[in-house]
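Quick one: the structure is below, questions incoming.
Letters A, B, C, D and E name the chains as they come in the text, with residue numbers starting at 1 for each one.
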Amino acid sequence: MLTYTIRRLLIAIPTLLFISLIIFLVVTLAPSDPTANLPLSIPSEVRAQIRESLGLNEPLLVRYLLWLRQFFVYEPLHILDQAFGWSLATDDMQRILSWQTRSPVADLIVQRMPQTLWVVGTSYIIGVLIALPIGIVSAYRQYSWFDQVGTFVSMAGFSVPTFFTGVLLIVIFSVQLGWFPSIYDTTHEVTDLASFWVQVKQMIMPVAVLALYNAAQISRFMRASMLDNLNQDYVRTARAKGLSEQVVVLVHVLRNSMIPVVTVIALGVPTVFGGAIITEQVFKVNGIGQLLIIAIQGGDVPTVQTLTFIFAVLIVLFNLVADVLYGLLDPRIRYD
Amino acid sequence: MKLRHALLGAAATLAFAPAAMAERGSDGQVNIIYWQAPSTMNPYLSGGTKDLEAASLVLEPLARYDQDGNMVPWLAETIPTVENGGVTEDLTSITWKLKPGLKWADGSPVTSADVKFSWEYCTAEGGGCAQSEKYNDVVDVETPDELTVIVRFGVAKPFPYGPFVGAQAPVIQAAQFAECLGAKAPECTDANFKPQGTGPFTVVDFRPNDVIQLEANPNYRDPEKPAFASVLFKGGGDATAAGRSVLETSEFDYAWNLQLAPDVLANMVSAGNGKIVSGFGTLVERILINMTDPSPELGDRRSTVDTPHPFLTDMAVRQALSMAIDRELLVEIGYGDAGRPTCNVLPAPEIYKSTANDGCLVQDIERAKALLDEAGWVPGPDGVRAKDGVRLSLLYQTSTNAVRQDFQALIKQWWEEIGVETELRNIDASVFFGGDPGSPDTFQKFYADVEMYANNFDGTDPESYMANWLCKEIPSPETQWQGNNINRYCSEAYDALVAEMAVTGALEERAELAKAMNDMLMQEYVILPLVDRGRVSAHSNTLGGVVLNTWDSELWNVADWYRIE
Amino acid sequence: MFDAPRRKLVEVNGLKMYFPIHGGILRRRLGEVRAVDDVSFDIYEGETLGLVGESGCGKSTCGRAVLRLYDITEGSIRIDGEEIGDAGYKLLRARRPKMQMVFQDPQASLNPRMTVARIIGEPLDEHTALSKPEKLDRIYELMDAVGLNRNFANRYPHEFSGGQRQRIGIARALALNPKFIVCDEPIAALDVSIQAQVVNLLEDLQSKFGLTYLFISHDLSMVRHIATRVAVMYLGKVVELAPRDALYGAPMHPYTQALLSAVPEPDPNIETRREHIILKGDVPSPANPPKGCNFSTRCPQVMDICRQIDPEFREVVPGHYAACHLHDIQQTRTAGEPAAQEVSPSDQQGEVT
Amino acid sequence: MPDGAAPVLDVRDLQTVFRTRTGEVHAVNSVSFHLQPGELLGVVGESGSGKSVTMMSLIGLLPSPPAEVRAGRVEFGGRDLLKVREKELRALRGARIGFVFQDPMTSLNPVFTVGYQLREPLRKHMGMDKSAAHKRAVELMDLVGIPDADRRLEDYPHQFSGGMRQRVMIAIALACDPEVLIADEPTTALDVTIQAQILELMKELRQRLGMAVIWITHDLGVIAGIADRVIVMYGGQVVEQAPVKELFANPQHPYTRALLQTVPHLEGARAPRLKVIEGQPPVLSAPPRACPFRARCSHAFDRCARENPARVPVGPGHDAACFWDAEREAPRDV
Amino acid sequence: MTDMPVEETEIIRPPRNQWLDVWDQFKTHKGALMGAAFFVFILLAVTIGPLIWTIDPTYIDIRARNQGPSLGHPFGTDQLGRDTLARMLSGGQVSVAVGVAAMALSLVVGTFIGVLAGYFRRLDGILMRLTDLFLALPLLPLLLVIIMLFRDALRSAFGPEGGIFILIVGVIGITSWMQTARIVRGDVLALKEREFVLAARSIGTPSHRMITRHVLPNVLSPIMVSATLGIANAIITESALSFLGLGFPSDFPTWGRLLFDSTDYLQQYPERVIWPGLAISLTVLSVNYMGDGLRDALDPRIRGR
């Protein structure tokens, strides 16, 4: 297992380098411009100066290599410095700066991580927690009314666009009923029970929208996986041993069914870090997803490049995690 | 309007300012929402309105404009003029006097050195200062004493109020930014996010593109202001949500620039939690007519002066296009109270406003048809007019935006009624307004027959704005498509007027020249102005003191805001 | 039994089929699974060579390798005088009509999305230029030959029972008039009453078309019925090869003896008094075969030499080959004498040639 | 075997139906048999003859839907198993009735250790705590001949070979000292040498433990070696029942006879040609009102198409369901 | 599944296309049947509907704006007085066409890559890395680049609507084939070990015919399921693109565009949101149900039950 993991990590290096190049080309060649959002009253000479100050005049290759060096050498050094108070990074080690805010992209990401993790992460966890029992019961009682309703709800979950459900929830619960805030307060800090309650209230709607979507998908996987296992011979063996249905289903079948589902869940984790572009926009959560979309709209190449590359790393990493998990959970699988 | 007059007006407004004279910080927190989130607090590093206005809570200029476009002294004692001797007769230098006793938020005194530094900062090599145009022609800034600043220009400046005036060019603290000149500017993240200022508030926490927390400046010059102890400045989302949060759910006190359909806005107001405020500036939604040929077959030469447009060079066609448009209806549908039909590309200030073209306000489809008939454009079997094998077929582009798309649909229908085939295209704003020479979709490249967007100018002086239509401003591949004459309109007579204005100092004469230029553009129908767009913002019923200002930052008088119980 | 001078149709020499095992960080080759390890045998024209052994012994791999369905590791395969062990794709394709295969699982070996006519017609599509009606005629002819109703031509495999499916598979194998057919456990997946039908069909076809079979099976009783000669495989190697009656009557290799004794006889009278040689333990992994004789770990008659030296596969008595050190000793002791002493008493009723 | 002893299991007129999309399939039709204490009852038949379904029906192991036990009585321990509640059935399964299934590869749960799966019935039925169960598990592993039991209990099923896995299955089935062991083709998936090992083990265990066994198989050789008494199933019903030697020596039903003739022998004269039973076994969409074997039967006559023969005694402890008397070469008079 | 329905003794059954079996099983899945019926209804509505309901969807009747449902405008009108029913119908044409075309493209690419990777061992590694790469690529910037690079060429070749249609279909297609490729690859890997592939090899069938004759038909069921999910996914993605302002031109209604445009009017004219919202949701839902039913119907294990 260890050698397998190491080998996969080694393969990941060239893959990721190639991905970083592709992302760089895509992002750089995109016809957006960091000065596009400036008022038209700013004349074009000034815009040209601004672009020059951002280093846009350098050749593509130079910019790519600089970014690589910044990402893989300078940034880690700076982060270590920040974390441990060392001074490994010298002054000429320019960090990756966002063109829009002129601040280090890493800082922006660190700043946005909490709300994204809170909202998207919670919704993912809740989604999974809802999905599993629904999937289990749907499979066990295949074609029962519960299964039918569960199927309908989960399908509805991913067939309605989140920009629609989000606005709908806001109109109902913020405007009409006034129960929850329509704008997420990213500065809110949980210090006591009351403030925790405030946090819960502002999270309910975005979490609900996303959790429904996540639960919909995972419950389908869970159901399919349970169905696969319910007809296996070992289930008959378990019944022949006189075990109760609960033990048969929740111990024997579930344990086997969880193997593929756990990997699916692991594969979904990068999307948590990626944020939810539309939902964040609708509820003003201003997390990673909103950072990305604003950066794209603002032609902020370093931010887009860095963010998308981090997503790529996470995707590759969690692909590996999923495979390793599979190996750990299923004693039959041995990687070498 | 004479400047002296303007001064009086400003004083009058200030006198009417809120009577709730409580002590500083007694009114708790005010929540402001901007649906575009500020990405920096340094206005020199970003020209975006959202950034400028956020920064205006902290940073202040020597003088700024009030809600009527009058200049009012801010950090300066008075507005220097030729009359009061502040501006030299040859119009090459202007002398500002700082108010005595001004302090930065950290308690250190504000001196003329800070003012001079602000100029140095913006003009330093490699800094990419977004406001460097404000400092055009400045050759030197002298600081004879702590409170006096003399700005010297290389040429005669009939309008010397560029540097240090308005939200675009405030004074920054020399001590804080000393190490941030030129290429080092972006590295001073802390300074850029938390600049020391003289304004009523000071930054506690800045989260780029998200939220800003500010608190009252302890060293603000008026000891009773601001009434609010803190400001929460939230950014992001969309105009609908911002309006909703003020007008319907009362989560916020002030929402900026609610570009919404009139009935949507009216519905929100009907909830009764707040009201909208609107004001008009110089922003005009217009259709630009391409005088050059954008057809792709021309390769490199498309949309350049080498290739005149096959039919838009015919004035009859341009005029007919204009006549077919019902500007009243456009306003009604797209802007409601936040817009008014206009026939001028220079709609304000009052003194510059021409009345010569008001005929355009009435839609006249029949006359437009007749005009085209006369010019020899006859309808073909498909209803599209043609002459000598040239069909009146247009590509009409604009940026992606719900109101603009409605306008496109309406105008398309009108134009098709007069026999002009219209194809619509909308382009993402970041691409359309982006200057990327590699993109075919920028408004500057103008690879379309007509395009629509809005433009205005900073402050109240139209000189540089009207200079946009100089022949030499025509974008071309040679200039990397930079240049402001998007229409590719070129007229010697127009160029002469621009040159004349550059050396004319008297306000009335300048106004006449500007009007003449405006009328020239209008009567040649190279620009079809549609709507004079106002600014609509909303505030809650509990927020007092809001005076909407379209000539400067909307938050210009935030120090005077207070809570109505 | 074999009168005319017989022609060798298939000659297999030193056939090796190793599947590499990769591992480690760089996925280096760590070793190999020796599925078929130096196997040699000949098949005479018109005969049936039975190839028996337990699952995992490499008999199926051997059968497929002989037809070059794999790229073999080493060795020579001559079919009808032509070497195909190292033949390229084109040559191999040209030789395919001569050699065909019938598969174990009639369900799995028929494409579920093709009709019977298309399945049987596929070889014709590939190798002949028959017109449509000609092809259909040939398909009907083949269906008749294997006892399938012509009306079934447009049906799909899942509509048939196992035995009928196997008939389809046989018809497909016959389509190009092959000389040599590898039957890879053709009856293993069938019910007892159907097995007999298929085996009889195979026998009928053999006599009708003069076919040569390599009949791979784990069912020793059935092999006894159908095969002319029998080869026994254990862990990738042929351990014994002999004419049918010699093998069943007087097995020489301890493994063959154990195998035969393990087969239950469907007669309670015989079965209750039969001596079963119960082998201990399981077959070792072909990735890691034992040193010396492959069978040494389980052999009831194992000697020291067996754990050191791999016994040579050689002709102990004419026509009877075995790879066992027991016969080395016997040969040195009583050179030239037939090793008939090994026959167990209960086997005496067997007809011995 | 003493005829007088009360049977440990007595099945009467069992009928099981599968509901499928295309209609009902009558898999078990009026099956009756009994099992004496300590005997090994062999059940022979081809796939689809209903032998497995019968045994599954006894103890409620068939998934319902689509299966449905329509009628019958299954007497075990003085109760009718078809009438008792699921909970009581569960208490019997694995405790008093053990099961061994065909494919040891898939019948063990791949993600639990063998020890866990072995301890499960012990803890459930015998209320043992973990250490007691472990001790017993080690004993059981020794019993079925798996060496190094202590260590191997921590292994997963895939780490065992096929034969060893089947031994584990047997150990699980025997865990609670059942009175009846139902083995459904337990050696079919195994190689002959391994099959021989398992058969040997089985004989040994029976001697030691003395439980009654139902052994389902299609391999007549296995039956010949291990069974005391045999029932032959065809088309969802029992067509013949006899002590093993009697059955092989004197088969009465044409199907049994044909079956015995189709299989080649390892010993004795080699038949030049195998006997075959032409045609295919039936799948019944309704309870048969005629003899299900008649289409393949060489002796079938008009009555066979009109009536479904009942089992009639044809010898001591031997009965068959056929209208044809093979000895007299004439229709039987029933 | 053992030998299935053999009546009494001999199998005498009419030759039966296996698709009929699939259809039989499909019919038993009520949800799938209703889904299919609804989808057919939608297809008919958007293809034949505009022939019956002949109001031009782009015609602006400014006096009749913001009307509720009436006889003249059963679904009401929008803020410019365009007939909502007409816009729904023509919008549906685009949305469904985008769904079907993007699905087809992603299936073709996914199947192609999946089959090649599964069938040819040597291509496996590189093609799977390619799949990873695409999985890790950011959609939005990619979209902008593609629009920049190809829009003009496509526009001159196919006209403005055709051009953007091809573009959107292309973008959705090439960013959503990866799942299909993975599933197909897995199935092909398993299929390669099946005996009938070996049987074809023993006949000497060359690789390309092996793929078309034996591999492709047998990976059909996962592909069909991917297909239904693909349609749903493409319709949703198109609406998300509209939300982000990257979709079709504004005068070219699609359901996504209509829904997005009307969310602002959610409070005043809720019906305006309901129509496109319902249309998208129900279509996606029906297609999903169809997929579910199809998966069951194509699975012989389930079909046999």
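Of note:
Quick note on the criterion: a residue touches a chain if its C-beta (ideal position, glycine included) is under 8 Å from a C-beta of that chain, and two chains touch if they have at least 3 such contacts.
Predicted, not measured: the structure shown is a model, and the values here were computed from it.
Taking the definition of touch as given, a chain qualifies here only if it contacts subunit A and subunit B alike; those chains are E.
Following the contact convention of this document, A, C is the list of chains adjacent to both subunit D and subunit E. Inter-chain contacts peak for the pair A-B.
One inter-chain figure worth recording: subunit B and subunit C are separated by 89 Å, centre to centre, where each centre is the mean of the chain's CA atoms.
Centroids built from CA atoms put subunit C at 56 Å from subunit A.
Rounded to whole angstrom units, the spacing between the C-alpha centres of subunit B and subunit D is 91.
Residue positions of subunit C touching 2 or more other chains: 161. Listed for subunit B are residues 428-429, 431, 438-441, each touching two or more other chains.
Counting partners per residue, subunit E has 3-4, 6, 11, 144, 147-148, 263, 267 as the residues that reach two or more other chains.
The touching residues of subunit E, counted against subunit A in their complex, run 31, 129, 132-133, 135-138, 140-142, 144-145, 147-149, 232, 236, 239-240, 243-244, 256, 259-260, 263, 266-267, 273, 277, 280-281, 284-285, 288-289, 292, 301. Only residues 59, 61, 63, 90-95, 98-99, 101, 103, 106-112, 120-121, 124-125, 156, 158, 169, 172 of subunit D touch subunit A when the two sit together in their complex.
Those residues of subunit A that touch subunit E in the shared complex are 15, 18-19, 22-23, 26-27, 29-32, 148, 151-152, 155-156, 158-161, 163-164, 167-168, 171, 175, 231, 277-278, 292-293, 296, 304, 308, 311-312, 315-316, 319. Across the complex, subunit D meets subunit C through its residues 46-47, 161, 163-164, 191-197, 199-200, 218-225, 227, 244-245, 248-249, 258-260, 262-271, 273-278, 280-281.
Across the complex, subunit C meets subunit A through its residues 23-27.
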